[in-house]
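This report concerns only the one structure given below.
Chain naming follows the written order as A, B, C and D, and within any one chain the residues start at number 1.
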Amino acid sequence: MIFSAEEAVSAVRDGDTVLVGGFGMAGMPVELIDALIEHGAGDLTIVSNNAGNGDTGLAALLAAGRVRKVVCSFPRQTDSWVFDGLYRAGQIELEVVPQGNLAERLRAAGAGIGAFFSPTGVGTPLAEGKESRVIDGREYLLEYPIRGDVALIRAHVADRMGNLVYRKTARNFGPVMATAAAVTIAQVARIVDVGQLDPEVIVTPAIYVNRLVQV
Amino acid sequence: MIFSAEEAVSAVRDGDTVLVGGFGMAGMPVELIDALIEHGAGDLTIVSNNAGNGDTGLAALLAAGRVRKVVCSFPRQTDSWVFDGLYRAGQIELEVVPQGNLAERLRAAGAGIGAFFSPTGVGTPLAEGKESRVIDGREYLLEYPIRGDVALIRAHVADRMGNLVYRKTARNFGPVMATAAAVTIAQVARIVDVGQLDPEVIVTPAIYVNRLVQV
Amino acid sequence: MSLSREQMAEIVARDIPEGAYVNLGIGQPTMVADYLRPDSGVVLHTENGMLGMGRPATGDEIDPDLTNAGKQPVTELPGAAYFHHADSFAMMRGGHLDVCIMGAFQVSARGDLANWSTGAPDAIPAVGGAMDLAIGAKQVFVMMSLFAKDGRPKLVPECTYPLTGRGCVSRVYTDVATFSVGPDGARIIETFGITADELINRVGMPLVSSPFD
Amino acid sequence: MSLSREQMAEIVARDIPEGAYVNLGIGQPTMVADYLRPDSGVVLHTENGMLGMGRPATGDEIDPDLTNAGKQPVTELPGAAYFHHADSFAMMRGGHLDVCIMGAFQVSARGDLANWSTGAPDAIPAVGGAMDLAIGAKQVFVMMSLFAKDGRPKLVPECTYPLTGRGCVSRVYTDVATFSVGPDGARIIETFGITADELINRVGMPLVSSPFD
């Protein structure tokens, strides 16, 4: 269960879809991304809220040419120059997904839902090509699950089985991404013995966690 | 926010759909159900995992002739003689919903999902009349949200705003039902001042709770 | 005299019911928080996963794990709760927030909202939570200047920019007037430093003037 | 000699991989817990909202807020976690449980499961979590006597009782034999006190005998 960052990310293979937690820097698994860059897997699809900031983390992964496609809600930021450059040069694909659909599609993947009718995006350009249906007088769009081969997330404390708790708004995408990937790798600040976490407050049960990295 | 049981359940009107938490006695809002019987609202649709046990709680509500229809996963139990009698006499309607669909349909109501394709029940008698679709090679059935006019749930501790924590497996349906009703009434063992519950461990945020009853 | 941004924020704050659950969009709407009375019981939601958000954090209060949707450090109020992104957006999309306040490029008389893209051919699309907020809250208030830099009104008969949501806005707060919008069209609620006639003339479309104006 | 219920439970327990996440259905399957080695790392899920369920509670341990899916009082092991019903069934339906063990009225050679209703016209229908468990776990094991009280085999070419799930069972543990079932039909894995030929004769349908038999 407990790995070095290098060993942990060796689960990622060329062509994989990798779910990357975090909203801005809160919950961003920085050390796992660094290890992934070092690891060298390429042709990746990255699912994350943003498409990298500055020159580190996801931006560095993009800059290293390892990413074929980004699925995110908000790629364009003041410091997203790496993504912007690749996108304008036609060197990276982009699927823009409203943030709530992103979260709900990840949840659907984890929960065995085949597809769901979402209220978001009706009448907008993002509805193009989507099946729509009026239910009880309201229009919805059909949205499909987003599954990952690997999820890289950051939590606060884990026990040795892999139960996780998070800290404040760094919780964000971690709990849903953990359910949506075949292999979930969590970096945590601290690993405690089994029995040290209160069963009432565990946010991600160990069943969803395959590898722990303490950083 | 803080009411007597009598005042709290006065929100229920004739013909309402009432979501009732609990799995067996764990999480069953016994005092709220007693108050509802006293209150007298009738022609109710009750959504709950079971259809009453023995002669108290939901069974007493049924025996009092207040329930038109039960939506549940498992009505037939060793001590469900009140429901059994009414059902065999043709005096109550029953919609049997697989437990996971019940939970997910309640969640869908709370989450604004118009409908979802569920993996459960395919090829069974409960698939009759349901729209089916093959997605990625697997067959699913379309399921619709279950909304309540009122939810009656039991939690462990509330703060004065209505934030809730539960206790062990008594958590069960409470958190999803709280999101799925127009008015959610929670009975709790203890009400504490705002700020006394750790924001990391709140299971039902106060936004979902309209009335608190301490019993 | 037209309103300053601070005055607009104050007017919006005044219209938020006591005890409401409110999401303040990124940018100008965040200023509304400064004008909410501490005893109003208004609870702020931030879609990255929190109810009970407090004011911006400064100095030692800054915690990289506690930010708002604009990724700025914020504080936590008593009674706060944290939750993950799917739960946060379920809260929003399920219609549990009372009010959401957003900026806009354009709002149509019937309440269509355009605030995520100018449709420029070279723009990189980015939507964030705007479309979820637009359709999720019980009421969507827009705060914006009534006229763009080029002088064209941003309250329009039909949005020309790509939509964020259809018929979702109920109130539009601008520097020169407050409007209600919806199925019956745009109605002037209040004007600031301009007459209703001037306003109708400058906006260039039919506006019903409120009897209270 | 055919197996006792205890021996069947022991054999099922032996086939559960170390560290597996397992749901034990109501009734006979709960006996499997007694034969799991404490160091096996197997974690029990109960669909009413818990991972890390321990043995049945007795005496002072009994807590009305801590029960299993059969509503019997149970205990909590170190590393346990509680969650609500939607999360619990998402865990199940999302395919995260390694093994689910259920009783059955009938199982077909291709793995169809019938265990929720005998289809009797006067029966009150009640399904609980059976249909979710049937389709949710990576592997569904069935534990049952091979023959009903009237002597008819419960492993059948086609289920005559209403289905719980289609093609979901992979292994059937009975008192006289263990079978694998699936798209290629039923195969005998092991027999107890009966020869493969006798078994085929009594079940009255084609069964492939394993090379290890």
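As a working rule, a residue touches a chain if its C-beta (ideal position, glycine included) is under 8 Å from a C-beta of that chain, and two chains touch if they have at least 3 such contacts.
Because the structure is predicted, anything quoted here is derived from the model rather than measured.
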Steps needed, at minimum, to go from chain B to chain D via contacts: 1
Averaged-CA centre spacing for the pair chain B and chain A, given as whole angstrom: 33
Whole-Å gap separating chain C and chain D, where each centre is the average of the chain's CA atoms: 54
Distance from the mean Cα position of chain D to that of chain A, given in whole angstrom: 35
Where chain A touches two or more other chains, by residue: 104, 107, 111-113, 118-119, 166-168, 199-200
Multi-chain contact residues (two or more partners), chain C: 50, 76, 82-83, 89-90, 92-93, 135-136
Touch relationships between chains, expressed as pairs: A-B, A-C, A-D, B-C, B-D
List of chain A residues in touch with chain C within their complex: 23-27, 73-77, 83-84, 87-88, 94, 96-104, 106-107, 118-126, 156, 166-176, 203
Contacting residues of chain A [partner chain D, same complex]: 107, 109-113, 159, 161, 163, 179, 194-195, 197, 199-200, 202, 205-208
Residue numbers on chain D that touch chain B, as the complex places them: 46-50, 63-67, 71, 76, 82-86, 88-90, 92-93, 112, 117, 122-132, 135-136, 162-166
Interface residues, chain B side, partner chain A - complex: 104, 108, 111-119, 133, 135-136, 138, 140, 144, 165-168, 198-201
Interfacial residue positions of chain D with respect to chain A in the complex: 21, 43, 45, 50-52, 76, 78-83, 89-91, 93-97, 135-136
